[in-house]
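Dumping the structure here so I can ask a few things about it.
Per-chain numbering from 1; labels A, B and C assigned in written order.
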Amino acid sequence: MSALLAAQDVVVEYRVARGYLRGRRDQPIRALAGASVAVERGQALGIVGESGAGKTTLAKVLCGLLRAQKGTVSYNGVALEYPRARGLARTVQMVFQDPGSSLNPVLTARQVFAELLRFHGLAPGELIADRCRELVELVHLPERVLDRKPGALSGGERQRVAIARALAVEPMVLIADEAVSALDTAVQAAILNVLARLRSELGIALVLVSHDLAVIRAVCENVAVMHAGEIVEQGPVEQVFANPVHDYTRALLAAAPRLTRHHSPAQVSSDGH
Amino acid sequence: MVVDGVSLEVHRGECLGLVGESGAGKSLTLRAAIGLLPPGVRAVGGELRLSGAPYRASRTRGREIGMVFQEPTAALNPLMRVGELIKEGLRSRGLKGRGAERKVIGLMREAGITDPERRARSWPHELSGGQRQRVAIAMALAAEPSVLLCDEPTTALDVTVQERILELLDRLRVQRDLAIVFVTHDLAVTARVSQRLAVMYAGRVVESGPTDQLLNAPQHPYTARLLACLPLVDRKRQLLEIPGAPPDPSAYPAGCRFHPRCTHARSDCTDAPYVLDGTQPGRQSACIHWAGLQDQLERESS
Amino acid sequence: MTKLRVGVGVVAIFVLVAVFAPLLAPYGPNSQNLLNRLAGPSPAHLLGTDAAGRDVLSRLFYGARVDLPVALIAVAIPALLGTCLGLLAGWYGRFVQSAVMRTADLVLAFPVYVLVLALVAALGPGARSIIIATALVDWVIYARLVRAEVLQVKGRDYIAAARAGGLPARRILPRHILPNVLAQPLVYMMSDVVILILALSSLSFLGVGVPPPTAEWGVMIAEAEPFLRVRPWLILPPGLTIVLAGIGFSMVGDGLADRYRR
């Protein structure tokens, strides 16, 4: 059986334009150098790595926001084109990092939800209001946020509205790109719980991009460790965290701050429970 | 009144962690100490003592008290080379010329900057985030401070870089016998870097004490719940949310400010006076029911 | 915020005066009284009379019916045109962007005033020529402003989210991008109105704008100029009116800018 959403040997290069003077041929910057990941229905895959590792690029390719120069993204075994066909565009949705820029400042949540529902014909006119209410309930927000603009919402509320917006188009895969890293611990816990619940209740597959190993551990079954545009290690979270094979994974685990004190960082990589 | 009645003390060679959610008043407390409050904010009371003697806040800028900020990019003048930036701090001590030059290199080496002679001629934008933070630390050290205030200095950095900066701060603390106040929202970072911890909620310190004791056996429900919603690297656990949201500074609840969100709140919490009471040697809690809750809180937070 | 309120107040007064000029003005704009020329202020003529014995106050009121609409229309057309072109140039990039921006550079290569003067001279004097000439030149500024804003907004996550939601450009551009890039051109529009009132008056003063005897502020200044030595106060009412209108619109612009910057 093929995976719900899979990327196969994806390569993305950026060309940096350097003025009009010829002579110096620009070396393209390789953001992704042949990355392959897969996620099954209802599963959660963590993608971990440091800034510049290519996590966000991979997330955008999976979501169809970025064209891959090489490699394919497939959904239920069928390769997806770029740009995606209208019917398939909404199957993969994304939640972004910055709660400040993830929502349009001039539109209320209701306006955004209603536009998407109407455009995709997901709810008949008279049921749109009901569906909007359901959407905010899904992310544990009170109904009144529907008619507020993002400026009147807190960071946590905005991230929940962003999740609800992604859910409006009834996706099968939800990609969260550092969606909780700008939030306080308590708000982060609430959002992570919402994401976990969406998996069990709606059967949505989750791709969680994060630099925080603890966040990945709390939510995901599988993890892919990225470094310099490549996936250096991939497997079940328990296994990778307990017995990291790649040096970079070990370094990441060693550097992660822990509540239990009095350890020398070097030992920790081997004492996962 | 955003921050009120906050008292902190930190000793030579010690790092005090100051944790809390955004809006709890951590940064304001720190800025009040150094006289760098944002416009529209005023310190209406309290004093700062250094080695027992009262200290006037505004005169301490860049002298006995050094400061490192979250965004090294914003703290470094982009039009000055790294070496000149650090030299600025030396000027206040009257160091000039060749001696200052040598001192700059020495400070950069102490801050763990590789190849300091070459780096001194770099511009801030040519450095990585971690390198910039090292430069900011070297700048703070130039004035030979006895206290170093750090406002989320590693939040914007990758974990491996963060770990190295924390190592550096640890080393400086021991070698220079520095007193460090480290503000962060990340309990795990606190555990790594501090010996003592003060937890802030809604403008007040609700609990303080030795870091390991406080994290293993919290004596305030807020600390316990904060610990309970922290995901761990070494094992998977159910994250416990804190119901509700932090109160707005314009409408703090009466009595214990945490009581509307506290699962252990009783009727007398609504008019409990704010007293940071000693519970054990070196430990204080503002919860009036701490004694009866100890076992529950320890279970809840693990 | 008070800046915005005062500005809106001043502009509103100007608009009201223009609309109700026939009711407010004590005399007709061109009713002459050759027996009472160049008279000083009096209860009958609050601001005196001009060289043809026309009531200065009445001509000021009627002048607002020429200057304001011409300036507003002359700004609105290029603002609309430039905003649309800037929107397309910013969103599509490549060919569209090159075409729009190179044309803009071409227009900007000439000094604006000289270009407008030349165009007006070629099209013949009158308000319509001024409107056409301005439209041909002024869109460039709006196009550049809007394009720069679009390039920024395009990178925001909410636009990526709209794209991920499958929405096509014809929905994203007007609904998600346009409202977020309007602040800059709107603020500029206000100062542009001031520039145009001045331009209109100067062109009339130079004799290539609104032809006399139409009551227009620039025309009034031109007509007062020969008497600058003997009747120096005659030039003050139209001059100060232009200054006041300029201050009003500038304050609206500044106020709007403050509000959007927050």
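Operating definition for what follows: a residue touches a chain if its C-beta (ideal position, glycine included) is under 8 Å from a C-beta of that chain, and two chains touch if they have at least 3 such contacts.
In this text, all values refer to a predicted model and were calculated from it rather than measured experimentally.
Chain contact topology: the protein chains form an open path, each linked only to its neighbours in the line. Closest to the middle of the protein, by Cα centroid, lies chain A.
With centres set at the average Cα position, the gap from chain A to chain B is 31 Å. Rounded to whole angstrom units, the spacing between the C-alpha centres of chain A and chain C is 49.
Centroid to centroid, with C-alpha atoms defining each point, chain B and chain C lie 54 Å apart. Across the assembly, chain B contributes no residue in contact with two or more other chains.
For chain C, the set of residues touching two or more other chains is empty.
Along chain A, no residue makes contact with two or more other chains.
Of all residues in chain C, only 156-158, 160-167, 171, 175-176, 179-180 touch chain A in the complex they form.
Residues 60, 63-65, 84, 86, 89-90, 92-94, 96-98, 101-107, 115-116, 119-120, 162, 165-166, 168-169 of chain A are the ones that touch chain C when the two sit in their complex. The part of chain A that touches chain B in the complex is made up of residues 50-51, 154, 156, 184-190, 192-193, 211-215, 217-218, 237, 241, 251-262, 265, 268, 271-273.
Across the complex, chain A is touched by residues 21-22, 158-163, 166, 185-189, 191-192, 211-212, 215, 225-227, 229-237, 239-242, 245 of chain B.
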